[in-house]
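In the two complexes that follow, chain A is the common piece, with chain B as its partner first and chain C second.
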Partner chain A sequence: MSLIENTKCECGHQNAVGTVLCESCGKPLEEQKDTAELPLEMRYDGVARRSQKSNPNVIDRVWNFFSSVKIAIYLIVLTFLTAMLGTIYPQENTFVGNFDPAVYYEETYGLTGKIYYMLGLTHTYESWWFIGLLVMIGTSLVICSLDRVLPLYRALSKQQIRKHLQFILRQKTVFKHTIEGDTGHWAEQFGAQLKRKGYRVHRDGTALLAEKNRFSRWGPYINHIGLILFLLAILARSIPGFQMDTYVSVPDGDTVQIPDTNYYVKSEKFTVEFYKDEELPDKLKGTARAKLYETKAVLYECVSGCGDPTAKPELREVTRHDIVVNDPLKYKGLKLYQFDFDLTPRLNAVHPVLVDKKTGNVYGPFDLPMRDSAMQHKLGPFTLDLYANYMEFAIGDNGEPTTLSRDPVAPAFIFSVKGPGLDPAGEPYMYFPMQKDKVKFAQDTINKGIADKIEIRVDGMDNVDFSEASTHLNVRMDRALPYVWVGAVFSMIGLLMGSYWQHRRIWLRIDGSELSLGAHTNKNWYGMRADVAGALKKVGIAVDPKSLDNGGNNA
Partner chain B sequence: MRKSRKTVQVVILIAVLLIGGYAIGTTLFADSDKGPLREGGTPPAFELADLDGNIRQLSDYEGKPVVVNFWGTFCPPCVKEMPEFERQYQKWQDKGLVVLAINLSEDTLTVNNFVHRFELNYPILRDVNRKTERSYGLKSYPTTFFIKPDGSIAEIKVGGMTEADIDERIERLLQL
Partner chain C sequence: MSLIDFSSDAFIVAFFLYCFAFMFYVIAAAGKKWSNRDPLVHEKRWGKIAFVTSSLGLAAHLTFFFTRWAGSGQIPTSNMYEFMSFLGMAIMIAFTIVYALYRKTLLGMFALPLTVIIVAYASVFPQEVQPLIPALNSIWLKVHVTTAALGEAFFAVGFAAGLMYLLRVVDFKGKTKEAKRSQFWVEFSLYSILLIVGFIVAVFAFRAAGYDAQFDQEKSVIDTKGIESTIKETVNYTLPPIVKPYNSEVVKFESFLGMDSAVMEAPYWMNGVNSGRKLNTVIWSIIAGSLLYGLLRLVFRKPLGAVIHPVMEGIDPDDLDEISYRSIAIGFPIFTLGALIFAMIWANIAWGRFWGWDPKEVWALITWLYYSAYLHFRLSRGWQGRKSSWLAVIGFVIVLFTLVGVNLVIAGLHSYSGV
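Right after this comes the complex of A and B.
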């Protein structure tokens, strides 16, 4: 090992390049003349940072870059500034449903919106460069901490008790005195007083080191561990299946698959209740104020036939919950929140009967769902073959029946009916389940002769099955959240350790009968001086705490 | 001591490269997946049953020019296009053209009646609960995707086309 600089201290200790104070005796090394009388720089106890090397290679250079606190601050400021850019216009992920950002930003905000979109600021927080900045901050956090905590740990765990006179007298709290009598006895007495104040006292003849609350020095590093955990958890959200934020719309009674999962959700019933006028203050009377939104939800897991488009998936109920605002259905990290609703009713099925007008006999009821009904219904002597169905019946431009949509707005069915008194080849019968359509399209006129022989009709609302409303649920999953919490707790513990306790140290040596005392703390110098003055008073030396101040910043 | 320090440095820098690389990499890939489909993009995969109950996937037709058309009986321009696609299919079938007509989640009887009326020979696929339609981000009907043999989208046509339009587009697709 060839060192360019001579870093050997006069006490004989070989120090690493970059050492400020000798690791052993504390004598200041290689100093300029003009600072020679000022209090010492005690950061990291004067030891060299790990990365300070005399001949760095590529890895060392990368390492040194991230080891610099200056770079870390630049990175943090840059991240803050770019994060601010992301708040100018709404981010893309705040929009629900089908929306085209390429069009939206230009239409809504004009040219600036277009530029904003082109620069990729519409998804600032998911952009490669923003994530890149976070990764660099994380790296810097790890390397900065590691480079400082390990040397500091070594320095603090093997402290020499007898320090260089210059080291002691250039602390920010200094006291000099001439001791009369037995110096060894005095040191012992003084040590006992410091012990009562909670210091750990180490003695080496007439030299003494008293130390208190060293653990508070680890606070910042524990805080950093927390921040790194936090950051890793945030980055982990990009792992597939770690985070989800999507919406499903479920009509009453329907079971709908939650996109990209194996789960299905059924809404047994959605209820919305409004406040009555007498419950509202005067100025809100007459307005619809919701009191309750509730979805009776059942969550299913698909057990078999899940990805197969030809098979009906086999579902197993896993949990059920009445979802109201702020009380989601929770299952294994999956959360279903009440988000919105739609009160448009939808006809699902009717259970009509067939009436033989000649005999007055009534057959049925039979099940007639609006979608995918059975192709044949046998009712007593009658057979109904479903020939065609329409969701929103209309007559097209070419005069043929057609449908205007795929939702059962004005459903119609055409049956071919066989039975007593009818053509053996079957006679067509057109059936509109909704009374309004029956009238509008003149069902009896269309059906002509057969209308006098039979009738298909629904008896009472009990035989009508419809969804009163649809509920819109927000489906969320965030597996990273527990780790975020753990990180936050670590961070907080570290913060408390570093803020509410101070690492205080007192060094003293007695040369002949001359007492030299120096004390150091990382904050709260007032308390430090009070400790020293208090202990001195107990051994019979009255001193004004203020007089111990040796100058220097923050003293 | 120096050796272990070096190892720690290398291990940490490799970890940074791996984690950082993954994090940045996923954002780069997510960029192209997000938002509506564009020409040059990759069409979402699907796995749907045809009228005979056979499962067909988009990936079955890799290396062939594919026309994916979303249609419904409730949409007059779609209805008009269906026999036109049939004629185009007959015309270009020998060149390897594949036509996949995805029905917009209507019920079986409606689809069957329609297909029998027009005697369509190309595969009619049945979307279920609007799943495929959603993954393609459909806003209006009909919408037709012209997919190159390399699996990327050559053209997206929203709205109806005349038969000449279809012919021209297919010709362009086959030249690619």
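Right after this comes the complex of A and C.
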């Protein structure tokens, strides 16, 4: 490559190294013998691309690598092949809540699942190599486009009208004819016909250049700009703070902090409506098919005592909204979507009374929330000290009481009770607010003697607070979104420009009475030939469009 | 008569018109060599008859679509029956557009059977109107599904023209390694199409015979809190169960040709809804399709490719190549808009994220990447003719996998439209 090539055309134009067709007259430069009869390679109008340099340095080599469409295609193929792998088993991010991928895949899918996990395919789309492929496609998009669009722009903006005869006769659509009569008049007439077909016609004596829809050549590049924007927006989402996607579960009436934010969300009421039987086809009758679900949500912002776990945060309401599917609560880029629901009722608090069985006196009711109950309750002569509190009571393997979860599924309280007729040091009393647990764990048997002296009980459903349902909300934030849409719009405009319009050019010259016509388009040769044949017919020359075809590729 | 009943009738009318149109196209192509006629006049005459018939079919199909829409109050693209019949309609629209551009009669000979197969495939699925679940109730769903299907329909026409190209240019008498390989794969493509036909035939044959079998399947499900529980599901079979659902008990089993218990059990890793039944269906399709293929081979006594090849004589292969490419080039922007951009808009509205790497989304992206590779191969690497036609054929396989296969094999958000 160190040899200096002679790239001067016979017309006197000095071309850059790598030029296929003279930039000025279009004469094919330096060619092998065996291709000398075939139609010309017209891609990018035969100009030298930026990457075709004689002495490439390291940067040039990297540039050259990414400027190759072949490499770009390999990258695309590699990307879709690896994307296929990622759909074999569910990806990790489809699981909500605590789940251990290392165990899950092996347990569910056996050895292949284990291998799948070990290869990192369980998070294909977040893996460094997949993102690497996307980055490389992005680089290739930038470099391939720059490498071609600038030379192409230069070539198309300074076209010479009179082309070399070889250039014209080696187009893919060619027509030769002997003209009788005034050649100048013929060219003018023919030009007028092309003008009526929407061509821009330039004449230089008996040479003519007609061109239409040049803008469609920029379609692919506009599309690529859109794709680059899109990719950048997607890559920006991995910057912290750009994007968030998490789930919160809010029982009716509760206020829950949205993780990693200063916001709290309260569900005032969750409602679900099912299709009625008469609205369903026979097959689905009797099934609960949800028609509408809605969360009456309130969003709060914490104003003080926020980071402090011991202090109660002070909240200020910022907005409220009834969230239904497709209609999230929105506040400053934060969006809360209806995701799922849980109709298991949840006990929040009871208001029990204490009965002195000896006297029959009833004290209370007192307030006993399932969470964060007061440590001491004074009821008449009795004092209850909270000794322990379980959310889902169970007897552990070691025989000690334990809790299975943090949700009040089977709550239990142990009080140390002091009062008349009881040990002054206090006697333990076990209390199960739910009747089913009272029976299951045999409350009276556990409490032994004290069960004959006092009883804690709830009188009527008025004294029970419970949430009928919990709503599961999906919290999302995505600051990259506007760029994604802009990218998509660019990409789409570019695609439409490039696909539904074609850049068509017709060159002709009349030497003596010999007409030589060549035509080129970047797509749709059928239409190109129809244009030429149509215009020829109008000036009195009938040709079969197909006969204009000079063979070769029809990209 | 209600609108929905009327629309069902229109659907049947469309189906039969398509079948007739197909026959007329075959007559237009094959009848050229019949005695006492001018081949060109014959082709023109019958081509016209066929095109009018297929257009009437499309009109009936459109009637079906809009009356069902009016009757049910929702756009009929929400279950497999509605979607597949919409796809069939979209293929007819795409065919009509491409026909208007190129006026190649014979394209109908391949586009029509494709439509017929897809419409017949659609009618395999339950045809009742089902109410939409809230997640699906949005204008963007309508726009997304219809535009994506139209894009895919153009890919289907590209596939039809690509396959025609191959049938036209492959040398069916050739003995070279290259010729043998082409012959094999063309034959394989035709065989694959017959498998789908076999599936339809099997389903309708056993449905007409009133066959059914039932299993109770125990399934463990892990809910959003990670708690595992076991649920019992009843799985109904309408084809004799060669494969029974994983971990299931027989409830009812009609004996078929002396077979009175399932031969084997579906593997545990098949995750889709009712995967055991689907695997059974696939096996039946292979059996029925192979029988059909064997029968055709017996009738013609030569490979099917070699049977069709002579009909294609006189068609310019370059035109077929160009039509195939052009359909794909027309379909690509529509597909991009429908299957990716509108899908992202809808996903963003419905789920709050424009992209979630759900299997169906990934496969739409794969399809898009595949066709963009196709376009680049063609434009920049000069892949034309055979190579390009093979890519068009394989591409449609990817499209079909995205539409049907993903729901069949992989569980995900889109499995509501399950088979």
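In this section, the second predicted complex is superposed on the first by the 391 of 555 C-alpha atoms of A that agree within 3 Å, B and C clash if a C-alpha of one lies under 4 Å from a C-alpha of the other, contacts with A are read in each partner's own complex, and residues count from 1 in each chain.
By our rule, a contact is a pair of C-beta atoms (placed from the backbone, for glycine too) under 8 Å apart; a residue touches a chain by one contact, two chains touch by 3 or more.
Computed from a predicted structure; not experimentally measured.
Residue contacts after overlaying the shared chain place A:Trp63 against chain B, while chain C stays out of touching range. Contact with chain B, but none with chain C, is seen for A:Asp372 once the two complexes are overlaid on the shared chain. In the superposition on chain A, contact of A:Tyr293 is made with chain C only, not with chain B.
For chain A, the partner touching the most residues, choosing from chain B and chain C, is C. Shared-chain residue A:Thr87: touches chain C; no touch with chain B. Judged by the touch definition given at the top, the superposed model places A:Ala488 against chain C, while chain B stays out of reach. Within the superposed three-chain model, A:Phe441 lies out of touch with both chain B and chain C [touch as defined at top]. After overlaying the two complexes on the shared chain, residue contacts for A:Tyr153 are found with neither chain B nor chain C. The interface of chain A with chain B overlaps its interface with chain C at residues 98. Considering their complex, residues 101-102, 126, 128-131, 133-135, 137-138, 222, 224-226, 269, 271, 316, 318-319, 321-322, 325-326, 329-330, 332-333, 336-337, 340-341, 344, 348-355, 357-359, 362-363, 365-366, 369-370, 372-373, 376-382, 384, 406, 410-412 of chain C touch chain A.
Within the complex, the chain A residues that touch chain B are 50, 59-60, 62-63, 92, 98, 100-102, 123, 126-128, 131-132, 134-136, 138-139, 142-143, 146, 232, 235, 238-239, 256-257, 259, 307-310, 371-373, 375, 386, 388-392, 396-397, 402-406. Every residue of chain B that touches chain A in the complex is listed here, in rising order: 5-6, 8-10, 12-13, 16, 19-20, 22-24, 26-28, 30-31, 34-36, 47-49, 53, 55, 72-74, 76, 79, 104-110, 113, 126, 128-129, 131, 134, 137, 139. Against chain C, the residues of chain A that register as touching in their complex are 43, 69-70, 72-73, 76-77, 79-80, 83-84, 86-88, 90-91, 93-99, 108-110, 112-113, 124-125, 234, 245, 275, 279-284, 289-293, 324-326, 328, 335, 337, 340, 472, 474, 476, 478, 481, 484, 488, 491-492, 495-496, 499-500, 523-526, 546, 549, 553-555.
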